[in-house]
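Next up: some structures, all given as structure tokens.
Each of the next two complexes has chain A plus one more chain, namely chain B in the first and chain C in the second.
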Partner chain A sequence: MDYARMKFYCDEHRCIECDGCSVACAEAHELPVGISRRKVVTINEGIEGKEFSTSIACMHCTDAPCEQVCPVDCFYIREDGIVLHDKDKCIGCGYCLYACPFGAPQFPRDGAFGAKGAMDKCTMCAGGPLETNSKHERELYGQNRIAEGKVPVCAAMCSTKALLVGDAESIANIYRTRVSARGHGTVGVPYGWDKAYTK
Partner chain B sequence: MANTWGYGAMTNSMNDIQNSKAIIIFGANPAVNHPVGFQHLLKAKERNNAQLIVIDPRFTKTAAKADYYAQIRPGTDIPFMYGMLNIIFKNGWEDKEFIDARVYGMEDIRAEAAKWTPEVVADVTGVSVEKLIQITTVYAKNRPGTLIWAMGLTQHTIGTSNTRMAPILQLALGNMGKAGGGTNILRGHDNVQGATDMGCLSDSLPGYYGLAEGSWKYFAKSWGVDFEYLEKQFKDKSWMSKNGFTLARWWAGVEGVKNDEAIDNAGTHLKALVVLGNGITSIAQQAKVKEALDHLDLIVLADPFVNEAAVLTDKKDNVFLLPAATQFETSGLVVATNRSAQWRYKVVEPLYESKPDQEIMFELAKRLGFYDLYVKGMMMEETKDGKLQMIPGKTTFIWPEDACNEIARIVKTIGLTGWTAERVKKHTDNWHMFDELTLEGTGPMKGEYYGLPWPCWTKTHSGSPNLYDTSKPVSMGGMGFRNNFGLEKDGVNLLAEKSVTVIGSKIQGGHAEITKDNIEKVLGITLSEEEKAMMGANWKVDNSNLIVQKCMEAGIAPYGNAKARAIVWNFPDKIPMHREPLHSPRPDLATKYPAYADKANHFRVMTKYISVQSAKDYSKEFPVNLVTGRLVNLNGAGVENRASKYLTALTPEMFISFNPDLGASLGVKNGDMVWVHSPEGTKIKVKAKYSHSVAPNMAFMPFHFAGHFQGEDRTANFPAGTKPYANGESANTVTNYGYDIITQIPETKGGLCRIEKA
Partner chain C sequence: MKKIVYFFIATLALASVAYAAESQIWGEMRIPNILGYGQEQSLKLGEFFTLWQGHYITTIFLGILILIPTVFGIHYLIIGPKTFSHEGKKILAFSLYSRIVHQIAAISFIVIVPTGFIMVFGSFFGGGEFVRICKDLHGVFTIPFAIVVIPMFLMWVKDMFIHLDDIKWLIIVGGYLSKVKNPVPAGRFNAGQKTWYWLATLGGIVMIATGATMFFMDFDIAMVKNITGLSQIDTLRAAAILHNLVGFAVVILFFVHIYMAVFAIKGAVQSIITGYMEEEEVKILHSSWYRKLKKQGKV
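Up next is the complex of A and B:
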């Protein structure tokens, strides 16, 4: 049996740009204002027939490009596919930001001459390499809800259940059900999946 | 609404929208204002391929999810709906059987609709002939359809007419009294339905009993208080039945406020203001509100956050901020938009010195010397013979359970009898046992609907998920329209026709509301002398609840089974008529569709209509249509949200959004500061934000900001440590004068302004 592969999916037919996910994320992990582990993006705002919104964070890609370009090898990929990194190793060089197709890596903006400091990004609420649910882990990486058996806070908060997270098969099932229920469109690949999960 | 068919509340529920084949929204933006509830609309699209139609001046987040969108000029919903009816009648798409059996006065609507050809409608509303025909066809061909509205329909001088017009459209299509249909009016705040049900208005006692002497006597009896004692609290008896001031225009009653509008307030003025959790900086005419605050003798503001009225005023003495507890620090019953009850448990004890609202009121009652009378009703009960007595052995009350039970005991009009604290808690605790779609319970909750949506006639009743549905027995929430306007009008029958029989009813067709005088005749029963002695005069004031009980046995709703009325003969417009906003961008149409005559003593103050509208052509000086509304991250006056750094970060500044085309013609770039001027001579300084969602002759502003006033930063008035992260001008400093003819709600959704680069 394959180990469950965790994926994010945001249904742009359901996302209404309420920002519940991004605010819940910031509150839960007590992020500094300006660090957006998750962002809601609206395309073609106000244009009839063209406007849509979607919620974007680290997609926890297979063969994550961030991991491949990191000069200090601070990234590691869990068995369930969640991509995490070690802030104590990170040198804040920003290579990962250039490699990431989703603009996920975040860097502190304050400090003299825009010094970057360690990168911060979505952990899929799975903490980091430190002792699980320790104070130190919480300070550096935020909550570790996965270890507590909880859904990541963004998906838990999503007002319309546009944002889903879970193992690949469950997500694909929900996606397929919604597309066929709508009775139009084809069961293609969800937005972002071609870049994140093709390999 | 209430004047059309009996109750002025959402008829179905958010959940039931999943049963709709078409959803038409006028003046509501649920994707922003009801983001969680909006999933039911999205699911309707998935389950039913429901056609979502949005009619709004702005291309909102809701419109972004719509199948059809019409950009309507503010304040022209009535012409739009008459235009739909014109097409419906012309094609014979109306539900003739439904109209004949259940509606009074549709012929007058048909006659008026004939005048509103698609071409006339296009000229008035700005929506093309093709789009009107397309939308009408889609809505008429996909039934059941539900009609949704919110403040975009109500906040106009003709708001009441708007809220009659929408039900008429639904009646014409036979969309009432069925799953997937109905008029689903969305309540805008937590427990607004409950606040309305409890009569937080100046024209009614709790439970929509009005202010008539009979109602006062019923409450006096039910509270265990002498009627004469209540009477003595007024200057004289006549004032008991008069409307008070409203939230919209209380400022006119304060001495010293420059105002040429006569008040009728027993020869005196308002001297003190006590606010319990209301953001009065989100009410129109902020300049007048400020003037009134400055002239009051006493201001008391009870809020978890600093009520920004305290920041707005220059008054230095006798302004008190009472720290009220939040909803997490108290418990009790709350009412959802669909008339259902839910118990809310306390999460934490009130922090620091804050107190829940009821404690503040109890303390006030103690100081004023009527505490014992104030809480007495919570320790009373009905005896078997319809009398009231103190509950034997009860010397103190348990909050809020006993308050909840007192409400259940007294409020019969909307059928709260079944809402005992015990039952409501049981529903909340067993939330998982109810079906998401039908609200029906399973297992131990079988035979009941979640939250016992009112009317919930008895302590064993199921609750009523969809109002006016005759396909269910009364015991399971069935009913016809309410008989509240007499048995006949000018010789025409106002009761439902023979074909409209509620399933399981002992009576074929329509019948009158039940009173002590007619109960034997209507129900075909004979009462014993004992029963007659205990029974109240009618079902609404019957402490014994015997009338309701007899009605349940006969399978009928105590309020009767009547026709809905399209004609409200006691209103200034007997059928809804289009009237241009007081400040119209189309002066030619203002001449053709003029505003009402000015109304003296409208909630105690002269309120102007035609004299404002006809004073001049405002559109020359103020060429831009202005609407206000909400943002998803902020709520109401916004002070509690602006105290959250993450919510504030999403919209850190007050802004006005308008089309880049308008920006270009004004020479204003995205991000420039602008002055927005109102016809009242007020102005605010805000940041310009380009948006394609607004038509080129329009502007939109959120109403969640305060702290600045006409260019002046007043945030130094915040007590240390209480200043929110974001502050700004209140949009309501420039929303225009104008108030509804019946309810006096301000016309914030259809005014004019002028924008100048600052």
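Up next is the complex of A and C:
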């Protein structure tokens, strides 16, 4: 069976820096204070014509660098490309953060002696390795909306539909349509995709 | 005791500075970190770290873990241990102070080295609670080592500078390739011990600094930034790379040190426990020091 390849795309021409995605994510997954799986950033702030905002989280990269460096092999990549990890295996060493081009992995300080606890990152609302939609899965990884057939909460809540998530082909089609509808700019690689999906 | 208290306060202060500051990784700095990743003019530490950690580090550690004991095994079978009379006179080689300092460092290493290996081979152990406890022990046992590393450096430094004997010693590999008990050119410490001393103290400080960097992770200390000239995320990447590279050397010489003290020279480990070395052992393995002691009328 052929699986779709799931990707994130944030249209910087549409993102209005409302932070809705980030708030929706934190609320939906009941994240502790200090952890934000998704963050809205403004690039080239104050530079006229160059300033834009975009929403960043784990990009669920092809050949994910985090998966390559993990000393306990706690990462696993689903057939549809979603990069997940097992918090019961994770030792909180921080290596995935060093490897990540997007600064996505985060560490709550809940271990012994204030040590880093298990890593937390965006799951593309696909939970973790525990029983799907179990209480335990929800506590550790948040909602598993993918299993319920729902769109990840950040993209679902995006008011301008800047943030898109879905199979690579559909996303690329929307991207192309939007670029040509604007009448300027070239159809290149969407922002962030060069680092995440070129391999 | 005072030192321990001060160290604890300093650590806590450092930790609070670290957490009070604006995040250097997930705050505003995240933008330049992302934009800078993989850029031509950057050091490409992110990619370099991924390549090294992803492909080589575990293999190299495994190689060390297999190769070094194998070499010792062959050496033990072919050449065998050196045995010195334990009946003769004894020479005081290590004061009580130096023994205590050494033993604190020794206990630290005995915990730090195996727990480090367990983390490197974390996937073999299946991760989880066991490897997590080892990670915590790896950090906790750094504290006693951090306390004694400077006293250890100072107490032996005057005997550790390079000497003509050291070159002669290196040429004959300390006489360990022959069974004959000829006097070996060495002062109070031989070239091998000197190498280990510099690596364990200066390399040890590098290990503490890089390890602490990774432990505290998200801190903002101007001094560190001025020294490295790197962003926090690149400092972490450099720390991880350096910790592993220096780790290779520390682990190799730590194994050598254990082999020498426990296996290659029968009963040599006693000298750091009781402080006394066998006269014959000094006469052969530290011949220049023996001559000096004789001149001074101490033996």
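Here is the rule we go by: the second predicted complex is superposed on the first by the 191 of 199 C-alpha atoms of A that agree within 3 Å, B and C clash if a C-alpha of one lies under 4 Å from a C-alpha of the other, contacts with A are read in each partner's own complex, and residues count from 1 in each chain.
Assume a residue touches a chain if its C-beta (ideal position, glycine included) is under 8 Å from a C-beta of that chain, and two chains touch if they have at least 3 such contacts.
Bear in mind the structure is a predicted one, so any value in this text is a computation, not a measurement.
Steric overlap between chain B and chain C is absent once the structures are superposed on chain A; the two fit side by side. When both complexes are overlaid on chain A, the residue A:33 reaches chain B alone and has no touch with chain C.
Panel annotation: after superposition on the shared chain A, the angle at the CA centre of chain A between chain B and chain C (CA centres) reads 130 degrees, nearest 10. Legend: residue contacts after superposition of the two complexes on their common chain; A:167 is shown touching neither chain B nor chain C. One of chain B and chain C touches more residues of chain A, and that partner is C.
Of the two partner chains placed by the overlay, neither chain B nor chain C lies in contact with A:80.
Once the two complexes are laid over each other on the shared chain, residue contacts for A:90 go to chain C alone; chain B is not touched.
Minimum Cα separation between chain B and chain C in the superposed model: 11 Å. Overlap of the chain B and chain C interfaces on chain A comprises no residues.
Residues of chain A that touch chain B in their complex: 13-14, 16-20, 23, 26-27, 33-34, 45-48, 51-53, 159-161, 178, 181-183. Those residues of chain A lying in contact with chain C across their complex are 36, 39, 41-43, 56, 65, 68-74, 86, 88-95, 97-103, 106-107, 109, 111-116, 195.
Interface residues of chain B facing chain A in the complex, by the touch rule stated above, are 31-32, 35-36, 38-39, 42, 45-47, 49, 59, 61, 63-65, 69, 632-633, 645-647, 649-650, 691-694. Residue ranges of chain C in contact with chain A, taken from their complex: 15, 19, 25-26, 30-31, 33-35, 37-38, 46, 49-50, 53-55, 58, 119-123, 125-128, 131-132, 135-136, 139-140, 214-215, 217, 233, 236-237, 240.
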